[in-house]
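Structures for review follow.
Here come two complexes built around chain A, the first alongside chain B, the second alongside chain C.
Up next is the complex of A and B:
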């Protein structure tokens, strides 16, 4: 029992946190150099899952990709360290809570721990994403045509594509070039039919898929490429809800922490005055 | 001369250097006036550059945006500062760093890249602005660290910790801004490409590394390495990291400024 307790304390040690953070910084510095010189090795990570990538590009180019494997190991270790350290402190805080003491005070004290748990939720999101996500690239659609998502009964149709071309004086370099594009899609999934407006940075969500506009044509009024089409990226990513939940939790924790920090700063100033 | 022409930023850099010279000369009001004028010109220039990119983001112009945010941080210290020698030294150091950053922006601009359509979202703007502000605030930490390091070496631990309080405040602020920048970038990346991480840009590694750095600096007071000089030294190391991995990539090649 004593041994287990020792391990528990060691896993949550703050000095271990510092070592892991330093290790990750060093590793990321190496990664920066590798990404700069060998970006073509890492680009497929956007489209394939991590396991497929690791078995192919990762394994075959170990001198260039080892930093990413080390990073994942260090991240896993940091996740364990963060969980143990935070949980220990949360337990102590809750146990020390005096009866009748304002709940808001306790909530503010818990704000940094909320941020720590949020990081864990985000990391879980990444894990789920890299293990289970599916990406379908190069889905070309012409107006009036449809395509099926392989292995499903889902069908996407491009009803129309509206491109806005810039014609003002302010942005010389954009003259007669596309400044916005909106594609109207109809998605049929079994008996369910949904239509949506797709644009750059404006995906259409149709559970469990999301549709992203990668390219469209024609990009320019006076270019010789006049074909009208869109190029879609179709994603099925179950990790995103974890990731965005974690992000919201972190922002909530950060706001609470900054509020606490700011009120104590103001109180300190008043005292000094 | 248009608001977006480099000449305006050149003038801002001149005012920043003037503020430094006045600060070294021991004037009290002159550095504030000159810094205020420099910031105003810098802001006008940024407005001009934004006008030439809007609704897209001038993503490659960080070399002009970061000095503005750093200058604002320096102004807060300078305008807030009581007549303490320490504060005068910190603001002097900040003005020196500000001048260097502004002149590197003048001679190594990276504004030859045009904005691209995918940056037409609020999240791209927030990613860019929060990132520049985060870096600016952290260079303030570096200014404090340079000045306080020799003092902290001689001071007792408790006195040293009190000295480092303002430095810690700027670290917290940089961490908050950097986090918001990363989150905005992740949202932008998801909306545009369908994934919060895009492995096409080496900056993804340094953005993560810098976040780890801020986390490390915020955790240091809880460790045995919490001595004031140790923390000041770590902050200096952090500034070097940001300089190499986050500031230098924002600069372009040497070019003689076209001022009009």
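Up next is the complex of A and C:
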């Protein structure tokens, strides 16, 4: 029992935090160089999923990818360290709560710890995304055509594609070049039908899928490529729930922390007066 | 505290050991036998040998295909248009480079059934003969394919760069592999592309022979130019009406220029092949350049520096047109991917004529100052 307690305390040690953060700094410095020179090795991480990537790109190019595995190990260790450290403080705060003191006071004292837990939830979200998300690349849709998402009853149809071409006088080289595109999609999932307007920075969400515009054609009125189509990326990301939960928790913790700080500041001023 | 110090030492040691200090592409990396690989990356392309009768490949668009020997059951989880029966017997190819690689694999005459350039544009003898025999068919311009004709040719595989044909090919249940990539291919990927196409035809040995030949020539080029006295500044691109297109710094030509003791002036540009840059940037680099490689061939009127300047007066201001050298590709250059070793050697010879005395150009034309009739 004593041994377990020692391990528990060691896992939450601030010295361990410093070591882990220094390790992450060094690892990320190595990773920056590797990432810059071997983009093609890391790009597929966005769509293959971490496990498949690790078994293929990661395993076969270990000198270039080892930093990422080390980073994941360090981040997992930091997450454990943060959890233990925060939980220890929460336990102490709860134990020290004086009888009769308002519950609100205790809740406000827990605000920084809520923010720590929020970061852990967001990190868990990233882990879930890398492990379980599904990405379907290069889904080409011509106007009036539809495609099915494999293994589902979900069907996406491109109703129309509106491309805006530059027609001003100021930028001569931009004449007849596309500056914006909006695709109108109809998504059928079972009995549910949803329409959405898809843009380059405007994905369409249709739970559990999100649809992203990767590229469109024609990019120019007088260009070589004349076919009209959009290239869709379809994603199913179960980690999103975690990010949003984590963000909400973080915002709540921040509001509580600021409220606590502000009320303490006002009380201090009153005492001084 | 002692434990944390021990842990930190372990972390530093593991970082040092695992991350290593290898350069981007070491010779041993490129000279590995593909038979040793269960997974091979070729730029954005991949070949994953899952078992002796199951190979998974990823094309330039990131789409996955499974290659299964004829007569064997395809694994579950793949749509019909993702399953390719190997060896493939009938192929339609859009890009001349893909056609040239089929030639390098020794399957061109047996498998090619459709192309997107008319007979008069072909300099590959096997294609010209095949088209004359009616075995190989011109399917129409790459932007206006005659699908009825394509269907009659019954291809088992379409190699294309045009994404817009994917829906139609999917409907026809013909596997359609994208052979271009969103960013320009590096030199290693250009040399290894043959290894991507080889499993479709069970021609891994031929692919390896091709790669070894190109790899050896590259090594010879490096040795020959190692002590070159000059370091020419090179630009590769062209100015069109309202557009300036160049090869970016991540393209294979840029990498080759750097390998042969020369300076590529668009080294900081990153992106796809034939990437657009501003006219100001092109002209600014053009002030320092010694050599310009244009995209345009003599068939588009580029027969001399004066002709090039007439086509686009803005180009007249770049140094290679005034006191440097300008090279235009010959029409068969784009269809000579099977002789990549010769092309690499020729580019090296252009950059360092002193290292290659008496070299006769075969793929590029050095533009004279004036057209013969104007001299």
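Criterion: the second predicted complex is superposed on the first by the 225 of 273 C-alpha atoms of A that agree within 3 Å, B and C clash if a C-alpha of one lies under 4 Å from a C-alpha of the other, contacts with A are read in each partner's own complex, and residues count from 1 in each chain.
Criterion: a contact is a pair of C-beta atoms (placed from the backbone, for glycine too) under 8 Å apart; a residue touches a chain by one contact, two chains touch by 3 or more.
This structure is a prediction, so every number in the text was calculated from the model and none was measured.
Looking at the shared chain after the overlay, A:164 reaches neither chain B nor chain C.
By the touch criterion defined above, A:194 lies against neither chain B nor chain C after alignment on the C-alpha atoms of chain A. In the superposition on chain A, A:43 contacts both chain B and chain C. Look at A:263: by the touch rule set out above, it reaches neither chain B nor chain C. Once the two complexes are overlaid on the shared chain, A:22 sits against chain B and chain C alike.
In the superposition on chain A, contact of A:173 is made with both chain B and chain C. Applying the stated contact rule after C-alpha superposition, one finds that A:142 touches chain C and leaves chain B untouched.
Contacts of A:229 after superposition on the shared chain: chain C is touched, whereas chain B is not. Contacts of A:62 after superposition: chain C is touched, whereas chain B is not reached. Once the two complexes are overlaid on chain A, the chain A residues touched by chain B in the first and by chain C in the second are 15, 18, 22, 39, 43, 173. Residues 51-55, 114, 117-118, 120-121, 123-124, 169, 172, 176, 179-180, 183, 186-188, 190-202, 204-206, 208-209, 212-213, 215-216, 219-220, 222-225, 241, 245 of chain B are the ones touching chain A in the complex.
Residues 10, 13, 15-16, 18-19, 22-23, 26-27, 30, 34, 37-41, 43-44, 47, 56-57, 59-64, 66-67, 69-70, 74, 137-138, 140-142, 145, 147, 150, 172-173, 175, 217, 224-229, 231 of chain A are the ones that touch chain C when the two sit in their complex. Residues of chain C touching chain A in their complex: 1, 3-5, 7-8, 11-12, 14-15, 18-20, 22, 24, 37-41, 43-44, 46, 48, 58, 61-63, 79, 143, 162-164, 166-167, 170, 178, 183, 242-243, 278-279.
Every residue of chain A that touches chain B in the complex is listed here, in rising order: 14-15, 17-18, 21-22, 24-25, 28-29, 31-32, 35-36, 39, 42-43, 45-46, 126, 129, 133, 135, 170-171, 173, 178-180, 200-203, 210, 212, 214, 233, 235, 237, 240, 243, 247, 250-251, 254, 258, 261, 265.
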